[in-house]
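Look for chain A in each of the two complexes below; its partner is chain B in the first and chain C in the second.
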Partner chain A sequence: MSLRVYAIAYLIFLYAPIVLLPLFAFNDATIIAFPLSGFTTEWFSALKTNGSLHGALTNSLIIAGCTAVFSTLLGMCAARAAAMSHFPGKGGITGFVMLPLVLPEIIVAVSLLVILRQVLGLDLGNWTIIMAHVLICTPFSIAILNGAFGNLDPSMEEAALDLGESRWSAFRLVTLPLVMPGIISSMLISFTISLDEFIIAFFLTGSDPTLPVYIWGLLRFPAQLPVVMALGTILVALSIILLTIAELFRRRGIKRSGAKDTGGFL
Partner chain B sequence: MNAGTALTQDQSRAIRLLGVPFVYAVLLLAVPLGAIVLFSFWTQDFMAVDTTFTLDNYREIADSPIYAMLLQRSLMVSGIVTAVTVVLAYPVAYFISFHVAPSKKSLWLFLITIPFWTSYLIRVFLWKVILGYNGVINSGLIQVGLIEEPLTFILYNVNAVIITLAHAFAPFAILPIFVVLEKIDRSLLEASQDLGESRLSTFFRVTLPLSMPGVVGAVLIVFIPTVGDYVTPELMGGAGGKLIANMIQTQFLQLNNAPLGAALAIVAMLCVTAIALVFVFLNRRWLRGRR
Partner chain C sequence: MTDLIKLRGVNKYYGTYHALRDIDLTIRAGEFFSLLGPSGCGKTTLLRVIAGFEGVSAGTVMISDRDMANVPPNQRPTNMVFQSYAIFPHLTVAENVAFGLRKRSDIAKSARAGLVEEALEMVGLGGYGKRAAHALSGGQRQRVALARALILKPKVLLLDEPLSALDKKMREHMQVELIRLQRHVGITFILVTHDQEEALVMSDRIAVMFAGEIGQMDDPETLYRRPKSRRVAEFIGKMNFLPGQVVALSGTDAKADVATGAGQAPGTVPPNRTNRLLTDLMDKIAPGTDTTEDTETPADTAPAPELMTVEIAGLGTAQISVDQAPEGAKLGDAAVGIRPETLAILFEGESPKRHECPGVVDEVVYYGDMTYYDVRIKDVPQPLTIAMKNLIGRPVLEVGATCRVAWDDRALVLF
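The block that comes next holds the complex of A and B.
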């Protein structure tokens, strides 16, 4: 019983900062502090007319979209390989692909910056961020897709092969529909990670900032803070919606492959 | 059909599939990491990079006390954050694994992971709102009448960095512990109690040792990334709360001294890896000693 109380208190602690966000986003004062003074939607209207914000948002959406697609493709390769037969060195190779999960992001950021700028002499842009985000999102995609591919009964695809389908169409017609919920879930998670990622984007961003890099710039101007709160409210709401959809798809995928749900995304 | 080391058709197909993400990781992770190792032995000569092999960067790091101080503070902060996070997270993981109905478990895990996925930058900033001079805690305590002057020791110092990081990494600590707790055979716990152990001693003699791999996983997954965070110390740390990652960032982006930054990054990585390995080793010995 006391454990339950503790767990609920812990949840409240986790959510405490996020709960404050809408409070200040609708608060009629430029200073972010209590007591609240009144209700306003002024900060949200300010977002609508902000051109540089829209540019940053577009950038972030392009980056997040590309990252979602590519990291899920890489994740599918790894998860399908993991579900197939064992070969020597498999564990080590998978471990290496999963490494960005535990590597400090600043290490990924500086090493990519060195190779792109100093060694290859390339200009930074959205594509450099996409490349880095695919690297850090792939482990998450693999973790989600392992759940989808790993529980699959291989005899279903074999049956399709025996009945005369080619290898590709057996995959497309039998396996793909079964793992589709996992794929969607993986794409949504990668999208969310990429959309929120700041540490790497800050190093690799070119002349056009991503949304988090833009927000970072705003944090230095106290007058802009209520607008940041409004923007944050929208972002958090968006993240929660995307994640809820991802979770629903993940569960559906596990149900479809006939396995028991063992827990969350990781 | 296959003799010796020859691979089956299935195996070679699996290798080709896994090869795609592997090659990607080699090109974007191993090669760049190799490049910063190389860079750390070069020096910045005004605008150009001098490519003669030298240990100057490492010598500078060893000689200037600021780097040792920052590194030490970084490791200390990460260590405290890890300890706090894991100790606070363990009961939650235990509760979800042992006391929540199986159908509700994934809902709990989902609720715990949601804050982790939402804008990191904004979450860190919100802690500034909570801990600030006119922040939630100070104005709350003043209104209640517990204090008269706002508390100043909770923002722009190491404490604030620790609180914020511990909050940000909380879900990371719960998941590995939960996964291991789920795998524990419940009949072992019954056996222990049947043999006369109390519930508390069952926990310390059966559950806790069996869940140590998850605790180790949680420690590593919190300790290693926190060393590389520069957002939280930048926003929350003030002048006295800067960490090694801020210095690496400054060397790369402001001082334009990539070789020194690379050397710092490598020294930081080596320290973190060494501590992580010692921790894993000690834990193994401790577990073996108990058998």
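The block that comes next holds the complex of A and C.
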């Protein structure tokens, strides 16, 4: 009984703030406070006409898209190597590759800023953010793709090779279709992480902010708060949808390769 | 028969681990050849060397007189049935079987569907083409893997423990089917197995491997009856070992007829030909046809050039041919090997044999068609395992019963 109460309290504590977001996004008042005064979609309409918001959104989508592709490609290489090859120091290298998962983002952000600006003398822009996001997203990609490649029977590719295919076509015809759900899942999760990421983007952004950085900028103007709430509502909905799709693909992949589900992110 | 595969001085190292040691092997066209050995003996590595998945550290692999040194697996005239079968789960059965035809420009696209159906018919899966491969049972997967390899008509079919994932009944059934299939298509089969019974049943010749080396390479009967070393004897079938001592060696002028002479072979005799093994196996699957004792096999007709006199602990003195001592005839201590089925318990009314001694039943293991007894004999350090067929009217003895044990000079092997 007490355990049930604890579980309910825990869930309320976890999700109540997120539930408040749409509540105030549709509230007809500029002040974020109870009681609610009325229903409006005014704040969502305001989003449509905001030019600098659209610029920030475009930036974020480009960065998230590129990050998803690159981190998944890198993740595929790492996961395939981890699953199918044996080389000295494999365990250590795998651990090292996964390290950014637990590294504080602020440290990554500051050190990257120093290296890019002071050491390499590069101008900040979307590409610098993409590089940094690939760094933090790749461990997630590897974690997902490790499952996909690890469940794969190593004889599969050999069988295709044995039946006359070249190494590349064996990979394309057999391995790729079997890990495809994992690839899609990895791309969606990287995309979501990159889209939501603030600290690194804040440090490395050039003249054009990403969406989270733009939202942070809006907070200085109390009158804009309901607009931020509306934007936040959309982002939360989008994140939940993408992560759900990612998880569905991951499960489908495991079912297809006939292995046992050993858990994932959701 | 022409030689199809020739391995000369093949060595394989993984780092410092010596996986294959100086393998010399010749496999003839159309042969059913088995690589048999305990796990980790290098048999799968050897198969993968022939398939081209592993390179060699030293030595040459020739298939049809062509050096395979720089030939990748997709260009070798070999196909493989993997231990896991490696059926592509995202394709249908027909797409799986047709997979290897993709790169075969010599086979017209229009002819492919017919070939696929033909291959599926051959393995008993006619009409299964449209099914999803991941929904098949273990036995069906194996048949698909066979069809997928055989449709390409390779010179050599490599089978990596293909039956180990099946249950006993299915395994015995597939053994017979594989033999039939091999005779039907006439392709050289190379089978890797750790199951000595499977190897004996199916093969024309067997190479027994230990720790990366070939311990003995012979036909099943020779391997079973004349193992060249104690290692092989222990691995193939069951064998009792007794301490013995060679007390005399004598030349051809000695009583040569002792070794080859008259006297009924006690109990059952080891099966002597592959086709006989096949019928035995079929009997196992459909029992009840054979209730009589196997007939006597013809005695060795080769003249025995030399005889050895051996004192065997507890059993007495035996005179055996030097052929029965594969590691050489010399005076002194030796281990005497006796197969359980060459020993016999004499039941009431059975006439006394050449050699006989009293014993006490220590353990009874009843298999249905056979009963295995462990019998204690005075001065024999360990109880002897004796295999008896359960013939009509023959009782199964109980633990503690006294009995007479008969043995024969000709069934002994000396190490």
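Keep in mind that, in the parts below, the second predicted complex is superposed on the first by the 260 of 266 C-alpha atoms of A that agree within 3 Å, B and C clash if a C-alpha of one lies under 4 Å from a C-alpha of the other, contacts with A are read in each partner's own complex, and residues count from 1 in each chain.
Quick note on the criterion: contacts are C-beta pairs under 8 Å (C-beta built on N, C-alpha and C of every residue); 3 or more make two chains touch, one makes a residue touch a chain.
Treat the numbers as computed from the prediction; the structure is a model and nothing was measured.
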Partner chain(s) touched by A:A223 [first = chain B, second = chain C, both, neither]: neither
Which superposed partner A:D153 touches (first chain B, second chain C, both, neither): second
Superposition-derived comparison: chain B or chain C, residues of chain A touched: B
First (chain B), second (chain C), both or neither touched by A:P177: second
Chain B versus chain C as contact partner of A:F24, first or second or both or neither: first
Partner chain in contact with A:D162 - chain B first, chain C second, else both or neither: second
Chain A residues contacted in one complex by chain B, in the other by chain C: none
Chain A-facing residues of chain C, complex: 51, 53, 72-74, 78-80, 82-84, 86, 88-90, 99-100, 102-104, 134, 148-149, 152
Touch list for chain A against partner chain B, complex: 3-4, 6-7, 10-11, 13-18, 20-21, 24, 31-35, 74-75, 77-78, 80-82, 84-87, 90, 93-94, 96-97, 99-108, 110-115, 118-119, 131-132, 134-135, 138, 142, 189, 192-193, 196-199, 203, 212, 215-216, 219, 228, 232, 235-236, 239-240, 243, 247, 251, 261-266
Residue ranges of chain A in contact with chain C within the complex: 153, 155-156, 158-166, 173-174, 177-178, 256-258
Contact set on chain B toward chain A in their complex: 7-8, 10-11, 13-15, 17-18, 20-22, 24-26, 28-33, 35-36, 39, 49, 88, 91-92, 94-96, 99, 105-106, 108-115, 117-123, 125-127, 129-130, 132, 134-136, 139-140, 167, 170-171, 175-176, 178-179, 182, 220-221, 224-231, 235, 245, 248-249, 252-253, 258, 261-262, 265, 268-269, 272
